[in-house]
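Okay, handing you the structure first.
Letters A, B, C and D name the chains as they come in the text, with residue numbers starting at 1 for each one.
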């Protein structure tokens, strides 16, 4: 059975290692924080200027001056810090943030990503995404494997304006976990009950299937 | 001490003219210079270029200037959460220069710090880099981005003093800090103007040298865009 | 929270080797990492390159490493107040790369912030610019300066916590703040290691993300180079 | 009578205008602070990271963590602030500091300045001087008109390694006040009792004497 958004987030949470500073994008990535193991040390950075984010505030304790990059009210953990935007992107550009998890409209087999614009139709803007993908060494995309019309979002080549080139290292979708290297999607894991065939059918880009593909353990 | 205090928002915005370029601090609605924005609406300056990470929401923040068709061009990183912004952009009424957020911040900092331009990896290989110089350093590609040039920077701080020193609160610091000193005239509005000497010299986020005018703001709404909470068990 | 605390200076300097490049904070003797310097003398690492605004005085600070002939190359802006430094430089025993102070600071900041290089007006037309790319922006000439690359940065703060957050005091902040995160490993020694949560998140000079190891320093001398005072009437 | 160091500082103090942020170099420039009028608002910046410097501390109140760029113990005035070195040079490079006063070994008629090195003999280093002179629009040099051997320090061309090119706008010496423009030293004022002839003899670079030259009022 294909994963839901929480399932994707839960699987990605396993990629978060001890000692990591992590930047979470809007949408599914935000959910990842809920599933990170309690026994490892992790800090969440938000590019609007906070390190050491905690959970949402209790009702009535929200503060307009303390938000995340999704403009949601948040809290901070002990050891947190606030800083200006330039310093925030020093952390990102300077590779001090170890892992970036973000959503995408399209990912290509060479690691290109598109997630900020549909010409003539929709423009959200890139926000901090272009800085994040151009800087981080470890970029995981969290998204549905296909779009609302059933078309693959894992492509040979992105059709939408790019956010970054050759930067995505891993993709976790409702169907699979895939590593990007040598101009191909390498299938690492299947969602529980999802067949390799289903994944092949949903993947437009080059898919490498090497040996037996295990089911995800979530 | 050099006194930067002015009596009110009217004095603070003295010299603002049609066609100028403004920087406005804030991220979403967090830390926006509410008093300056209201006054810009009241002054009805037209054809202005606004450098601001976002453009507020439809009925608050820079959205008010958009509704009023005062803005000729926006330089921002994110359009979402503002339908009027997206509509004006897609229809071509509004010129929009979308800029990666880190690049936006650094273009402010470069202006503040006297750097003419800088190389950043953000946007390489995308339409953001079109027509711009790119360059390889140690096998990685970078895009040359120029410093901003602006007439006024409008920022909002939590506390400040007549020397122009500023302290921000939480994530309301954001672009406000980087825009100080990045325009010809920096106007700071503060929630609380404290007596000179009250702020710890060791804990000032922006030294007064980067601020030309400061005033006690009023009637802050401080709207929350996404009120997310959890319930106590 | 990610714990950066180590137990002592020995642990903090684990991995230090001959031939490495070190950054050391401080201006003159103000804010120098006294504990790290003592340990570097004790470890007797040789042929090291030191990036530091000054080289201490003859018998304190980096002067100790100079006396001990451990330094192959100094990258500094100012030699004065250290006769041994000047002597080794003029005799050619010591390689010295004199760098304008603002350029030195920004080469640290560039490394911290992931910028490969930057254009600064400092040194244009002087021997500092020899062999470097120069460029005209808006009719003014600038010199392209690369970011530093270093193995360790040794900094000293006033207060810090196990998360690596740092607060400096007075003018002891200087290069200490800019060197954090500018080397592969940043080691911070603090006068007072406080419990996590005690430092106000709004008033942290260097967020812990820029620091890999932190320890409680001891026996600070904090020597004054020029004791200038006035008499009470 | 030629001025002494305090006299030079006193004359330069008149160049400090209301609302100025001023950076003072080591030596004579440091003395300028003592002579600035009380009825104007001025703040002194020191490039090691302080704005709003005050006088030296009272005996016993000196603090090793609070010094100026000359490594002297200082105090701060109400409204002062401390900051890191990069921020300090942002103030300087970004032209937020209005006036820089520094010493020199040589100044040339085109505004070049040399003050950090005598090849093979002496190297102090440039410290912040190269940043200061490359950035400020208003640079006043405070120095003796001639060196210890009686040779002019106001030259056609600097013989020592340069600190900056074409940047000095004014020179105040023990003998005169001179403006630098159009590749010449323009004599503005004479020290009390010093003749134009004496100044001519002590100036190697092109000296322009236009009309009657008044005596300095200090």
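Here is the rule we go by: a residue touches a chain if its C-beta (ideal position, glycine included) is under 8 Å from a C-beta of that chain, and two chains touch if they have at least 3 such contacts.
Everything numeric in this text was worked out from a predicted model, so none of it was measured.
> Would you mind naming the chains that touch chain A and likewise touch chain B?
C
> Can you check which chain pair, B-D or C-D, has more C-beta pairs in contact?
Result of the comparison of B-D and C-D: C-D.
> In angstrom, rounded to a whole number, how far apart do the mean CA points of chain B and chain D lie?
The separation of the two C-alpha centroids amounts to 36 Å.
> Can you work out the whole-Å distance between the CA centroids of chain C and chain D?
Comparing mean C-alpha positions, chain D is 28 Å from chain C.
> Between chain A and chain D, what is the gap in Å from one C-alpha centre to the other?
Chain A and chain D have C-alpha centres separated by 55 Å.
> So what's the Cα centroid distance for chain B and chain C, whole Å?
Between these chains, centre-to-centre, one finds 33 Å.
> Give me the residue numbers in chain B that touch at least two other chains, ranges are fine.
109, 114-115, 120-121, 168-170, 201-202
> Which residues does chain A have that touch at least 2 chains other than itself?
50, 82-83, 86, 89, 92-93, 135
> In graph terms, with chains as vertices and touches as edges, which category applies: line, ring, star, complete, or other?
other
> Considering every pair of chains, which are in touch?
Result of the pairwise touch check is A-B, A-C, B-C, B-D, C-D.
> Considering the complex alone, what residue numbers of chain B touch chain C?
Within the complex, chain B touches chain C at residues 114-121, 137-138, 140, 142, 146, 167-170, 201-203.
> Where on chain B is chain A touching in the complex?
On the chain B side, the touching residues are 27-31, 53, 76-81, 86, 89-90, 96, 98, 100-106, 108-109, 120-128, 158, 168-178, 205, 222-232.
> Within their complex, state which residues of chain D touch chain B.
19-21, 41-43, 45, 50-52, 76-83, 86-87, 89-97, 135
> Where on chain C does chain A make contact in their complex?
1-3, 109, 111-115, 161-163, 165, 181, 196-197, 201-202, 204, 207-210
> Under the stated contact criterion, what part of chain A meets chain B in this complex?
Touching chain B from chain A are residues 46-50, 55-74, 82-86, 88-89, 92-93, 112, 116, 120-131, 134-135, 161-166.
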